[in-house]
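Two complexes, one shared chain (subunit A), two partners (subunit B, subunit C).
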Partner chain A sequence: MASLDPADNTWQPWRLLAPSLTAILLLLAIPVAFIAVYSFWLRTATGADVAGFHLDNWIEVLTDPFYRDILGYTVWVAFATTVICALAGYIPAYFIATTQFKHKAFLLLLLMLPFWISYIIRTMSWINILGSSGIVNAALIWLGITDEPIQMLYNQGTVIVGLVHFLLPFMILNIYVSLYGIDRNLVDAARSLGCTGWQAFREVTLPLSMPGLAAGSLLCFVLGAGTYITPLVLGGPTDAMFANLVFDAIITQLNWPLGSALSLVLLILLGLVVAVYNRFAGMNQIAKSFG
Partner chain B sequence: MFSGWSFIRLGTILVYVFMFAPVSVVVLLSFNSSQFGSFPMEGLSFRWFVALWDNAAIVRAFQTSMMLGALTAVISTTLGVLASLAMVRYTFPGKTAISTALIAPILVPEVVLAVALLLFLGAMGVPKSFPLLLAGHVIFTLPFVVLVVQARLVSVKREYEEAAMSLGAGPIETFFQITLPLILPAVLAGGLFAFTISFDDITGTLFWKPGGVETVPTQIFAMLRNSISPEINALGTVMIVVTVALPLLGAAAARRLSRKQ
Partner chain C sequence: MSEAAGISVELKDVVKRYGAFTAVHNTNLDIEDGSFLTLLGPSGCGKTTTLRMIAGLTSITEGDVLIKGRRVNDLPIHKRNLGIVFQNYALFPHKSVFDNVAFGLKYRNVAKADAAKRVKDALELVQLPQMADRMPSQLSGGQQQRIALARAIVIQPDVLLLDEPLSALDANLREDMRIELKKIQHTLGVTTVFVTHDQSEALAMSDKIVVMSAGHVEQVGTPEEVYNSPASEFVAGFLGNSNILDATVSDAAEGRAKLDVDGLGTILADTGGRALSKGGKVKVSIRAEKLYLDADGEDDSSSFSADVGTVDYQGQVARYFLTVGDRQLQAINPIDDHPIAEGKTVAVKIRARDCVVLPA
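What follows is the complex of A and B.
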């Protein structure tokens, strides 16, 4: 509460912020700084950590083609996911924003629903669809198109399908928010000046919806590139993404210094993407979809 | 233009089918009476829900998730409401930086947050444990609460608070008598949001959970290692009911509350 006495107002916001900022400092800022230091330590064969300034982990992470290939694969999967989400997400966003359909509110509510349904459930649900005893194979066998179930799961394609399924609502929502804010008179004006419907869309609507498209793409790319669950559930042995390497290093091999270095590579890569976005668009657009 | 619009409508239908068909199949198959829980379906039955109820590990995972989600929601919402008040009601130096700091936990990839928290608190003597899980879930859900509560608080006129204070109410009394009732729907929404995110989380949870402790998502994940069983579909259905029905009930309650005033 802003007090009426101005002298109280200097410290009051900091008192209100103190618990949150303390939490962020202790549970985020210092831990990230800690792994930055930790990544220069060494894990010896006996399992003990050697403190100090060793470049070994970084040299391994940055020069070993194994890590470079998986980083490239991760960027490719996240990029493909983002492009598919943008193409497939624009259509329903445009429909909901412009339709006179009377159940529009219901369509919007449905759109929010996936945010409330667990990520692991949505991911594993594809096993029921594409698995060897899933609905598609059951249909193919019933139709006599095939005798044996076709192996459709556990490859790069299904990883991307799973990620698109997970991230599409983020994209649709962001594009919708941006389309919703466009003054319809602008399109009408373009039409009255002789634009075709398609021209009006390309020259007016599409450019004005760019902020939403960009915000949605950022979320899809960053969330897609940081996942390790989807490749574990829907990918094959060669579909590990960068976050899987982090998980293996930390949880399976217990090589914490190496895991720290790998985490930081992911943080820097995605941090750069966020920074570029922030430079051109600003973070406010993303906050808008919470309004 | 007609063909363009029908293309858009068809596309929209296809996207909605893509989003909802797989989840609907999970719900459908959880009522399958067949032994293998796959197609073709043999008949309707509740046997897999009964099997869940009899499975001690799943019941325990459910209790853990509920407890974790509830505590996360309470702590995260308390912190988030206080921070939102500062951000919306005051101007102070460094506000833009603080605003970024408050949403930083969702700007950092969750895997990185998970590793950093695990290793740092481990070095501080906090092992993989329930408190570590709780700390992780609180920090990860805090930005969502802040964003939801801030968005609502902006639209609450500060004149009401100023009127209360000019009539002699202290800041704390003003908060509980005036501000809190006005932002209550957003506070509840923020809390439910935090609960659901915590209840659903698997990315961080797999790093932070001690051996032998499972939440519902990690339990499902562990069961998937074998193969998809009808029990997993039933557990998925229960989870969908918890995370979808709760917010809908919450929204209905909030609407009733705000109508009363």
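What follows is the complex of A and C.
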């Protein structure tokens, strides 16, 4: 039984957790439960939803190759984005972590700068860069390399470019945190024992920065796979990602039961990715980058 | 040529500057084969910078560093064949103890079976043969320190460099480790450069001590030499508790000098070969434990009387803060039954050979 005796600490953690647990319950658990219930309802031709326990939506989502293909495409785009972010993010992260530059905080601030501008605006900025009257085409025409604007937008490539633009800071920040935590003496020790600079990097720095790389990759993958704005703004007609299907079902077709089933599929998939990550790396690494 | 002379490491006119700041002024040093040399000084005195220049972790602004007679200024660290033990151990946290110790052998292309044997021997030398499969995080600080030492010596380095290796350990462990470290160094006969700010470590372990201050070498000598015959006021003040007094030479002859010390009167001092001229200003350094206090003694010609102020009781000895006129002195004396009580007047005796004359 709960006691007000301050010496009784049994309930203390729960009291402290209560505000967050309440928020999670009201804002996450209950809405997800609603969606779960909704996914078993049926939409009729008249537009009214029929309550009940119908597996129709789930059967459609899980058997129709249309959804399967888009799910596969979504995973592929998120994966490619993650790999590019990892490769492109490591170098600036390494630079910021090891630089002797006095204003390291300023470099980190530059990394945060994009977050001050709406994600949608940042995504749309690519239209001004790669569009038919964008600066790249203008430059190419001015240089005489081409007479007509080249169609560069609205394909898988631009979707990935937009996602990398959006997600790279997350990756850099995560890698930076783990690199920054590596004792410089470890590299010196490896060097003194016979490693060249590159060998010391491979033996010490790279393996010890893996947790940051893994945390950054998880964030990039999950955020990338869940996005619908980037493919909407920068993708072509065949570049819809899974979240676009959810958007389409709920906002355009007003088919909430189908949209619910679709969003749960995405939730379960990303949940599995997080669970696998957690099994091997642990979630606390992500917390570190935001600490 | 240097090798024939038995010199492992040689510093010739070595200077280190960071911009306008000179961290190490023109330094010359010969480190003999198999000897244990300590760079001693307060933080910021340039001792670690000197060690890092020998290691190749810091570039040399001017001068040359020679290891085994070979100029190594431009030789990268991984080709210098040095064993380094860092203050915080710097064990690779993602590698087992075995892999940590075997690390240097891997990059020397030692065959696996041979490497395993050498790792085992090194772990036995540091008395942790059963720890090979552990991860560093599973070891105590003292154990990590031993593994770091094993990792540094298993490669049979030309020189072993120790950067304050004991300062992260607690006091009891530190004393055990310093005896053991010295024993291992003696067994292996490896030339060792040890950096510390701890005078008792330096005195206990070294064949030779280099006392440094503000980027300058103040004195190079055996522990006894730097302790008993400090070459400068800094050395006298840094090692142990010394009373450093201003004095005027009133008479000097045959290695003895009569010194007038303000407030104390005349004392006799060994000149230690220093030529003194009558009327010259000097400083005289007397160790706290060389002021012999006699609570019942008469104030005869060789002594003066002082009032006992604060008494710092330390068990076997007590540290007394004395007042002579307006002058403060420190004395450390063994305790016979009870320490001398505060407020008592005592006779203070000083022997001429305990008075070290320094330039003013």
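As a convention for this text, the second predicted complex is superposed on the first by the 270 of 291 C-alpha atoms of A that agree within 3 Å, B and C clash if a C-alpha of one lies under 4 Å from a C-alpha of the other, contacts with A are read in each partner's own complex, and residues count from 1 in each chain.
The criterion applied here is as follows: a contact is a pair of C-beta atoms (placed from the backbone, for glycine too) under 8 Å apart; a residue touches a chain by one contact, two chains touch by 3 or more.
Quick caveat: nothing in here was measured; it's all calculated off a predicted structure.
Using the contact criterion defined above for the overlaid structures, shared-chain residue A:95 touches subunit B, although it does not reach subunit C. Of the two partner chains placed by superposition, only subunit C is touched by A:188; subunit B is not. Once the two complexes are overlaid on the shared chain, A:105 sits clear of subunit B and of subunit C alike.
Once the two complexes are laid over each other on the shared chain, residue contacts for A:37 go to neither subunit B nor subunit C.
In the superposition on chain A, A:199 makes contact with subunit C only, while subunit B stays out of contact range. Contacts of A:260 after superposition on the shared chain: subunit B is touched, whereas subunit C is not. Once the two complexes are laid over each other on the shared chain, residue contacts for A:243 go to subunit B alone; subunit C is not touched.
Touched residues of subunit A, counted separately for subunit B and subunit C, are more numerous for B.
No residue of subunit A lies at the contact with subunit B in one complex and also at the contact with subunit C in the other. Residue ranges on subunit B touching subunit A, taken from their complex, read 1, 4, 8-9, 11-12, 15-16, 18-23, 25-26, 29, 36, 38-40, 78-80, 82-83, 85-87, 89-90, 92, 98, 100-105, 107-113, 115-121, 123, 135-136, 138-139, 142, 144, 146-148, 151, 158, 161-162, 165-166, 171, 174-175, 179, 196, 199-200, 202-203, 206-207, 216-217, 220-221, 224, 228, 232-233, 236, 239-240, 243-244, 247.
Subunit A contributes residues 183, 185-186, 188-196, 199, 203-204, 207-208 to its touches with subunit C in the complex. Only residues 1-4, 8-10, 12-14, 16-17, 19-21, 23-24, 27-32, 34-35, 38, 88-89, 91-92, 94-96, 107, 110, 113-114, 116-122, 124-129, 131, 133-135, 138, 142, 165, 168-169, 172, 197-198, 222, 225-229, 232-233, 243, 246-247, 250-251, 256, 259-260, 263-264, 266-267, 270-271, 274, 283, 287, 290-291 of subunit A touch subunit B when the two sit together in their complex. Every residue of subunit C that touches subunit A in the complex is listed here, in rising order: 55, 57, 76-78, 80, 82-84, 86-88, 90, 92-94, 103-104, 106-108, 151-152, 155.
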